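One chain, chain A, links the two complexes that follow: it is found with chain B in the first and with chain C in the second.
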Partner chain A sequence: MAPEAHLSHLHRADGSATYTHNGYSVIGAVNGPIEVQRRDEMPEEATLEIHVRPAAGIGSPKERHLETLLHNTLRSIILTRSIPRTLVQITLQVRSLPEGGTVTDVNTSLALLPHLLQTALLTLLSASIPLSTTLTSVLVAIPASKSSKPIAPLLAPTADDLLRARPIRSTHVFAFSGNRKLLLNESHGVFTYEEWDEACEMAEEVCCKDKGGVGLNEGVEVDGSQVNLDEWLRSVVKRKVEVEQRWRIAP
Partner chain B sequence: MASTKTATSTPALSFPRPIFAAISPHPFLQAHLSAPGANKGFRANARSAQEFRTPGIKTGTLTHCHGSAVVRLGNTSVVCGVRGEILRVEDVQDLPAVAATDGVVGGIDGVGAQEDEEEDEEEDEGELEGLRLLVPNLELNTGSAPSNIPGSAPSAAAQTLITRIRSLLLSTRLIRAKDLRIAFTPLPLNTNDPDNPPDTESQPVPEVKAYWTLYLDILFISLDGSAFDAAWLAILAALKDTVLPKASWDEDVEMVLCSDKFSDAERLRLRGLPVASTFAVFEGRGDDLKDVDMDEDGDKGPDWVLSDPDAFEEGVCREGVCIVLDCSDRRKKARGQIRRIEKSGGGVVDRDVMKDLVTRSFERWAVCERVLRGVGEATV
Partner chain C sequence: MATSSTVLLPGDSISPSALPKPQNRKKHLTLGPGLRHMPPNTIASTIAGLLVTDSKKNAAWVEYNSGRYLPAAGDLVIATVNTSGGENFNCLITPNTPYASLPHLAFEGATRKTRPQLSSNSLVYCRVINPGKDSFPELTCVDPSTGKSEGLGPLKGGMVFKISLGMARRLLAGKKGGVTLLEGLSEKLGFEVAIGRNGVLWVDGGSVKATLAVGRAVQEVDEQALGEKGQKKLVEKVLRGL
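And now, the complex of A and B:
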């Protein structure tokens, strides 16, 4: 199932986006580049500030952890050196979580992380903040197998999938840049290097566009019902550009 | 001839080492790592890129704790104290379903049965997490580093560390919920009791009356990088050192009473021995310093992955990797389990580099295991 994105719908913020996928809905806004407080100012780069607000209640150390991860990741793709001594402030508000998401074996903040990353990137695109590359992120879950035969990992599973596949042995979040570099990885649970490697390869296939060559992917996409996230991102940006260029092609 | 040579090799403006490090940390470290000759590949702290610092551990230093440890990792020193407090079940508002039914059954099986693997597989995460029986707390603001001013609110770094430690404690299932339960088995009722027909030759079912809650307080005395590794080692050592007094429910006074005999006290057993290793990625810069962010495949120096970075290196590096793994499980093919990989901040570490880092972490595990082996076996 393809994620849904809605860009630039908040008019007060410099950029905004709502991202909905698998029952998760996150709304994000970005302000920047704006003036930075003196104590946070850096002479050669922009300061990045991330706020994550949970669906219910106020932020806890869990949200601080997510903010740290987002900060590290986004800092590596925003061209912070081209807008020095400014502030880029990103606020992400979780709007809804999937029903029954808490009873699965998967750490709740881990399951939320790919959605936050995707939303943050869309808001940055909406605000036209200079980026060196794009970013796509996905969750991979490996269920425990009772027999010796390993079970195929689940790609971007829904809460129902996770509930059905219990017990889950390990969960992995991967984020790839547009040029197929592994930007972020959080893997929890029990796994071997080989399992991790397989999960990473699967995630790379979904996150990055295929290198060209053999066009076998089309059949896989149909029965896997898994869209390529890079292609999806391109279609979102294409729509954004089309909307922005409407005045040119108007009769 | 010789004089002219020295004149050209030393620039007119030269700084002593600490000043060079302070004003331009990145070139300083790069100059060290790419120095020609025999010193090639050595960092500013005289370690090679793959070299970890050897941990030093001392346990049982805090007398008011049930278990404690001091861990030194170079200039990083951490104190961890474990204190158990009793949580009465009647004080819990909504008891998780696990504790009420399955948990108790698992408890009986475990008590009599030999410590086999089945017991190890017991699912008790819900109990530990739902009742919050493990409470880690971490204090960086002790003047441990110049940026951590005493008396201020916990920084984002401290909160991130606590979250990581707490989730690792729960997901590695280090502590058995069975060890924390304080159960009570009522005496068999009289057979002439009309409500209780004697044909039920069932054993009385033990009932969980209370739990031990473990408060793990981690205090950084000084912080010089690899905070997570040090804190995690300190927790492991302190938990291995933890001796809880024998607690039992007294029916008459309706209270949990602790035996003051030391011989009754029981040492906490850990499930496995996960060890954390932190790495930092130092991205070398090419000669063209202007567009560091822009270049992808262009003018870019080599990259180094530094094991166990110190504070100076952490300040220079943006990408970090942390691997937690456990080789203590010797049975079947469960060897070399990875429990956690965390990586963020850049795109240098790919699948191949990660393989190398996992190998390095395995070596690290053996070193830490040797250091931790003596802990918690001498006294009881």
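And now, the complex of A and C:
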């Protein structure tokens, strides 16, 4: 199922987006470039501030950890040197989690991470913050096999998929930049090098656009309903541009 | 002006065939907002939007209509005076950004004794002379070569309306922007407007009713992206209401 995205729907923020996928729904808002506090000011770079708010309750160390991961990843794609001595403030509010998401043996913060990354990118696009490239992210889960035969990894699984495939042996989050570079990898559980390689290849296939021609990964079975995230992002931006430019064709 | 239908994502490099073809070979290629040059010869976008090229000026830029206003040299903005310092007014171009400085003497005919007294929250129509990438932004209300104000200066009375950055650009672009609403209204109604690139529209129509009618009409054109016909209809509706 393709993710859903709404851009620039909060009118007080400089940029905003809501991203809904697999039962996860996250609202993001960006303010920036704005004035930075003196102690956070960097003479040649922009400061990035990320707040992750959970669906219920107040933030815990889990959210702080996610914030750090997001901070490091987003910092590498924002052109911080083109907006020096400013602050870019990103707030991500988790609105809903999939039902039964907590009973699976998948680390909940890891399952949330790709959705947060995707939302953050959409909000940055909506706020027109200068970026060096785009970013797409996906979760891969590898179920434990009862026999000696390895089981195919699950790509962007829903909560139901995970529940059915229990026990899950390892989960991996991958984020790729627009030019097929691996930006972030967080893995959890027990896995071999080969398994990681396979998971990474699968993620690359779905995150990045086709190189053109016959790829090496042709044999890999990608779930038919899974859309290419790079193409999806392009369609989202195309819709944004169409809305902005509709005055040109209006009667 | 040629508008291609190339939608760009940050990081997309622009093929040489998409760049403008100048008739005059001597003119250098100018890159506008949203594009950056990576030596030796890659041109990539940094913002999601539409690629626009102008072969006459040999320029290319990305058109987008979202996000916060970033000052650029030469832009006309409506700034809000916050405090008055020793030699300049501290103004805000957009909220929550560092103060932009407007010298007390940067008004037409201002001397040490006859400088304008502006209280906090008063509005000034001014030009950006330094976008303030390496320091704070600097504003002026006079043309430095002639010393004349050329329409810039404090805005008295009237009301301020928020419009999108794209709408402000359209209004300032004249015919190319395709906004005929103000001309249509001015046939029957007398009013004054000032358009700031920072997404601020100032209107003074003499009475509150007229001011609100003009301001709201512009906002409606902005939000509903009305074309020429739609604007004509709106003009009639507004004039009937007055």
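We adopt the following convention: the second predicted complex is superposed on the first by the 241 of 251 C-alpha atoms of A that agree within 3 Å, B and C clash if a C-alpha of one lies under 4 Å from a C-alpha of the other, contacts with A are read in each partner's own complex, and residues count from 1 in each chain.
One rule holds for everything that comes next: contacts are C-beta pairs under 8 Å (C-beta built on N, C-alpha and C of every residue); 3 or more make two chains touch, one makes a residue touch a chain.
Keep in mind the model is a prediction, meaning the values are calculated, not measured.
Chain B and chain C, once both complexes are superposed via chain A, fit side by side. Residue contacts after overlaying the shared chain place A:S177 against chain B and chain C alike.
When both complexes are overlaid on chain A, the residue A:S132 reaches chain B and chain C alike. By the touch criterion defined above, A:P61 lies against chain B but remains apart from chain C after alignment on the C-alpha atoms of chain A.
In the superposition on chain A, contact of A:V241 is made with chain C only, not with chain B.
In the superposed model, A:H188 makes contact with chain B only, not with chain C.
After the chain A superposition, the centres of chain B and chain C are separated by 130° when viewed from the C-alpha centre of chain A, nearest 10. Legend: residue contacts after superposition of the two complexes on their common chain; A:H6 is shown touching neither chain B nor chain C. In the superposed model, A:C200 lies in contact with chain B only, and not with chain C.
Looking at the shared chain after the overlay, A:H51 reaches neither chain B nor chain C. Of the two partner chains placed by the overlay, only chain C lies in contact with A:P84; chain B stays clear of it.
The superposed three-chain arrangement places the nearest Cα atoms of chain B and chain C 6 Å from each other. Annotation: chain A residues 79, 82, 132-133, 177, 179 touch chain B in one complex and chain C in the other. Chain contact summary for the complex, chain B toward chain A: residues 156-157, 159-160, 162-164, 167, 171, 291-294, 296, 318-320, 336-351, 354-355, 358.
Those residues of chain A that touch chain B in the complex are listed here as 61-62, 64-65, 67-69, 72-73, 75-76, 79-82, 107, 109, 132-133, 177, 179, 181-193, 196-197, 200-201. Chain C meets chain A in the complex at residues 3, 7, 9-12, 34, 36, 44, 46-50, 63-68, 70, 96-98, 133-134, 166, 170, 178, 225-230.
Remark: chain A residues 7-8, 14-15, 31-35, 77, 79, 82-86, 125-134, 177-179, 233-234, 237-238, 240-241, 244-251 touch chain C in the complex.
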